[in-house]
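Beneath this line is the structure, given in structure tokens, with notes to follow.
Letters are used for the chains, namely A, B, C and D, taken in the order the chains are written, and counting of residues starts over at 1 for each.
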Amino acid sequence: MRSIDRLFEKSSRALAQRTSRRSLLGMLGQVLTGAALIPLLPIDRSARAADAPPTKPKAAKTATDDPQSCDYWKYCAVDGFLCACCGGSSNSCPPGTTPSPITWIGTCHNPGDDRDYIVSYNDCCGKVSCGNCECNRNEREKPMYRPSRNNDLNWCMANADSNYHCSVSVILGPAEK
Amino acid sequence: MRSIDRLFEKSSRALAQRTSRRSLLGMLGQVLTGAALIPLLPIDRSARAADAPPTKPKAAKTATDDPQSCDYWKYCAVDGFLCACCGGSSNSCPPGTTPSPITWIGTCHNPGDDRDYIVSYNDCCGKVSCGNCECNRNEREKPMYRPSRNNDLNWCMANADSNYHCSVSVILGPAEK
Amino acid sequence: MGISMNTMIIRAAILSLAACSRLLAAAPPPPLPAERLSVAVMPPAGPHRVYVLDEAFFNEIDARVHLFDADTYRRLGQIDAGFTPGFNLSPDGKTSVVATTYFARGSRGTRTDVVEFTDNTTLKATHEIVLPPKRAMTQPTYFSLGFSADSRFLYVAYITPAASFGVLDPVKYSVIDEIDTAGCVLVIPSGPNRVSSICESGALLTVTLDAQGHEASRAFSETFFDPDRDPVFAAGVPMTNGYAFLSFLGEVHEVDFSGAKPVFRSPWSLLGAADKSAHWRPGGMQIGAIHRQLNRLYVPMHQGGEGTHKDGGSEIWVFDLSTHQRLARWPMAAQKLSGVLAIQVSQDNAPLLFAATDHDLGVFDALTGKLRHVEKQMGQTPWLILTP
Amino acid sequence: MGISMNTMIIRAAILSLAACSRLLAAAPPPPLPAERLSVAVMPPAGPHRVYVLDEAFFNEIDARVHLFDADTYRRLGQIDAGFTPGFNLSPDGKTSVVATTYFARGSRGTRTDVVEFTDNTTLKATHEIVLPPKRAMTQPTYFSLGFSADSRFLYVAYITPAASFGVLDPVKYSVIDEIDTAGCVLVIPSGPNRVSSICESGALLTVTLDAQGHEASRAFSETFFDPDRDPVFAAGVPMTNGYAFLSFLGEVHEVDFSGAKPVFRSPWSLLGAADKSAHWRPGGMQIGAIHRQLNRLYVPMHQGGEGTHKDGGSEIWVFDLSTHQRLARWPMAAQKLSGVLAIQVSQDNAPLLFAATDHDLGVFDALTGKLRHVEKQMGQTPWLILTP
């Protein structure tokens, strides 16, 4: 079971990475421009916040670009400690910890480019709770009987050292519009 | 070493208990009266607080008769969690824990009868930190090189399950004037 | 130094002898008598004793269960619970069971999954059953582990992430079997030999065991909720003959587990039209409690949108399960309490309602909603409350 | 469910392919590229990296060491530390050593005392040495465990309460010997083969080891302080060629450990007449820090009487060790910091002063006392700060 997971997970991630490399090769300059633009759109984002549908007050209000803030757009279904506050980053585990080979999946809206992205939430494992920057967001999160969308499970469960330390959020690619 | 400790400790405690029983037999009525009087002396106590020598601001200010308060007079050298807030009392361990056979010793002033008492501080062991009613008082407490007066050591050290849970304070008898 | 220490004690004892005799002559007030060091005895169990599981999320290897007496407002003691534990009580309430995991080096090294039995009259751990390293590591609910109605079997949920459950013998303290659940999760015991699990499709899988605790048969129910449109919280609320499952949008799905197959009553809503347009929803970790005799349901409710299903309740709403009428709304802000994350009610005739917030435990009169007491710092993250 | 999950991921990846290709045609702004999950690499060690031991007193089996970069104000990572740990760094700063205790069932069961080695460039535990179950379980100081100057030996303090210490081989990762210390406690390493311990009388016992790490000789010093009148804090402050021991009443006892026998310089006082009458005292857990090149001593000071030696400092006082003059006093209230319980200073030419309060870590310019940063919630109970 676990080995299959790893296989599937690796191949899918590799696929996502090929995708990203291709787009990077194609339009590195534009990506950088785009990235550089994001911080210049606070009005744009707050406007969007005002227009936010009443059923989603959180999504827009909390969207920011600070990986050490629970309001970072990529963290829309993180329930745990932000690895970016524990020696890692939004997509890297802290030194000495091990990423979980299995994962749960979310869809988050990036107000910077007004796109939805598929993100993979992985836990970082093998040290006791980081305890810093607790974050509990649950957009589109589902109960445990739908594990691929659940953030209550300890996703370090299949690691040799299955103690939970912190969580990261890794962009897999844009979601279908 | 441990067995010797237990032996000495038991015999000395037995001695103290004989003492107390004798005095009890002699003057149970008066003890009760005395006890009943204590709560009726707030002015007396506050007066004593005012007169307290400047080098001992704490001793008087904090003396109370509430076993769940760190200011309880018997706790003058407790550094830990009060068992009275963990399912025990000022001199009993919580259910399911084991008293430490070894101990450290303090001398505390009881403003109720204006006497100094020798007290034995014991740790209660075999469960994780109680975490309730943390108390850190250090009157006459001495560093680790004087262990019989030190409250930094985990006195559960010699227990089979040597995890520290909480601390009690047991009256051995009045101190010499 | 053991010696020097004990010399101290003896000296102290002798001094006290001297002091006492002098005082016998000199008269009142006599010194306080020496005390005896003892271990406190548990008071008899009453209906207002609660078991509060502190998952200790910021120090997650150090979860614990606090026993609290809501009549005297005293802590009675503690049961240690390790890492992401499951917790439950035996049907007679005399035994606590903790399903947990230890690592030989705190967070690393050999993993040991184990169910630990504690005698609730002494709070001493009496027995354990070592499990295969498959225990479901997740938020605690009633369905992490539980006894069969006759206490003959104990069931524990496994997720590796393959889903199954363990059948344990709580008399011989041994593992009987592991039963695969085809992707359905958690253990909902019913009767002497049935275990149901919740499936991704919104159906229930019910496995029936033989007398030895091995699988005799299994059956899938029809789907009783729509996991895409409006999923139910995995934490069911115990009611007479079964459990009520609340949905994110406030639908109540009552499931009768008293028969060979679960029976689904027609769902009803906690919300009126006005409540719906004001975006009221249930939310938290332990999202409901039912007083069986009164047939009343208590739910922590908040206002919010998609993704707020773990937000604490700003109000507690009370419903009559027979009429589905709302009997009361109790705002927490008025009581200076933050969002309610876990809720429980005692089953006696003078029922108390327990509401856990971030760290505190509120104790209410369950009939009037009057706040009786707030126990501060009941735990670091108190996420499950059980009553006998 | 692993399958369903992975199907998800694959679907996601395919969607992203599609999306990207569409966008290649449709032009800016392109979607953000997919990211790679990785493990962060430790930055090179600098003089402003600190190791903050959080004893986690309220969850005492879960102590940990936080690595913090005081230039970027970022956490660099964590080293787990178990129950009432000792902690130290190798002389070259490349290795962290934790002496700790684990129980097979969290707070119960088989006790394992162990020294764990962590590579500070990866924060991975690389080796361990299992000890006899005798480790001193107490507040952490420099003297719980420490290396010989040449890193040939590692010493660890034992208290059962009988006092002794272990001689360990940090190359072969083995226990060499246990040496009884006649009631004197803790390990103060000096030179390649000497270990001193503090005795109840106020003297030092110095044991000299042979090349194999076994006792060659031992000698008691004269008493250098009066444990009854004015005891010194057991936590010495590292200085050039030795340690400064501060007394409860503010006397400074400098001990030179560079020779075969400890040499005691004549004590001096932190307090002038006015300070004494105002009841100023040193206090806390880690009660001093010395910048060796500047020859400056930093001490958290408070006003109080007998029994306040663990009270945090309301001010930090700075002294010149050669002239014994006070150079500055820095009030913490002005910085909105509570009492300072632990203090440390970096040894570089742009030194930073670190002051731990209840939960926070204050970072100061050690030359001017200017507050640079306050790291909130650095730990539950951060009681020891080390710098390479």
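We take it that contacts are C-beta pairs under 8 Å (C-beta built on N, C-alpha and C of every residue); 3 or more make two chains touch, one makes a residue touch a chain.
Because the structure is predicted, anything quoted here is derived from the model rather than measured.
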item	value
More contacts between chains, B-C or B-D	B-C
Chain centre separation (chain A, chain B; CA means) in Å	53
Chain centre separation (chain C, chain D; CA means) in Å	39
Computed distance of Cα centres, chain D from chain B, in Å	31
Separation of mean Cα positions, chain C and chain B [Å, integer]	35
Contacts with two or more other chains, residues of chain D listed in rising order	1-2, 4-5, 58-59, 61-62, 80, 106-108, 125, 161-162, 200, 380
Shared-contact residues (touching 2 or more other chains) in chain A	1, 5, 102, 127-129, 131, 147, 165
Which pairs of chains touch, using the document's own definition	A-C, A-D, B-C, B-D, C-D
For the chain A and chain D complex, residues of the former touching the latter	1, 4-5, 8-9, 11-13, 15-17, 19-24, 26-27, 30-31, 33-35, 37, 85-89, 91-99, 102-105, 110, 113, 115, 117-118, 120, 122, 124, 127-132, 147-148, 165, 168, 170-177
Residues on chain C engaged by chain D in the complex (per definition of touch)	1-2, 4-5, 56, 58-59, 61-62, 80, 82, 100, 102, 104-108, 112, 114, 116, 125, 128, 161-163, 183, 200, 380
Of chain C, residues touching chain B in the complex	1-6, 8-10, 12-20, 23-24, 28-42, 62, 64, 67, 74-80, 118, 122-125, 377, 380
Residues of chain A defined as touching chain C within the complex	1-2, 5, 53-59, 76-77, 79, 102, 126-129, 131, 134, 136-147, 152-154, 156-158, 161-165
Chain C residues touching chain A - in the complex, by the definition given at the top	57-61, 83-84, 101, 103, 106-109, 111, 136-139, 159-162, 184-186, 198-200, 227, 231-234, 279, 304-310
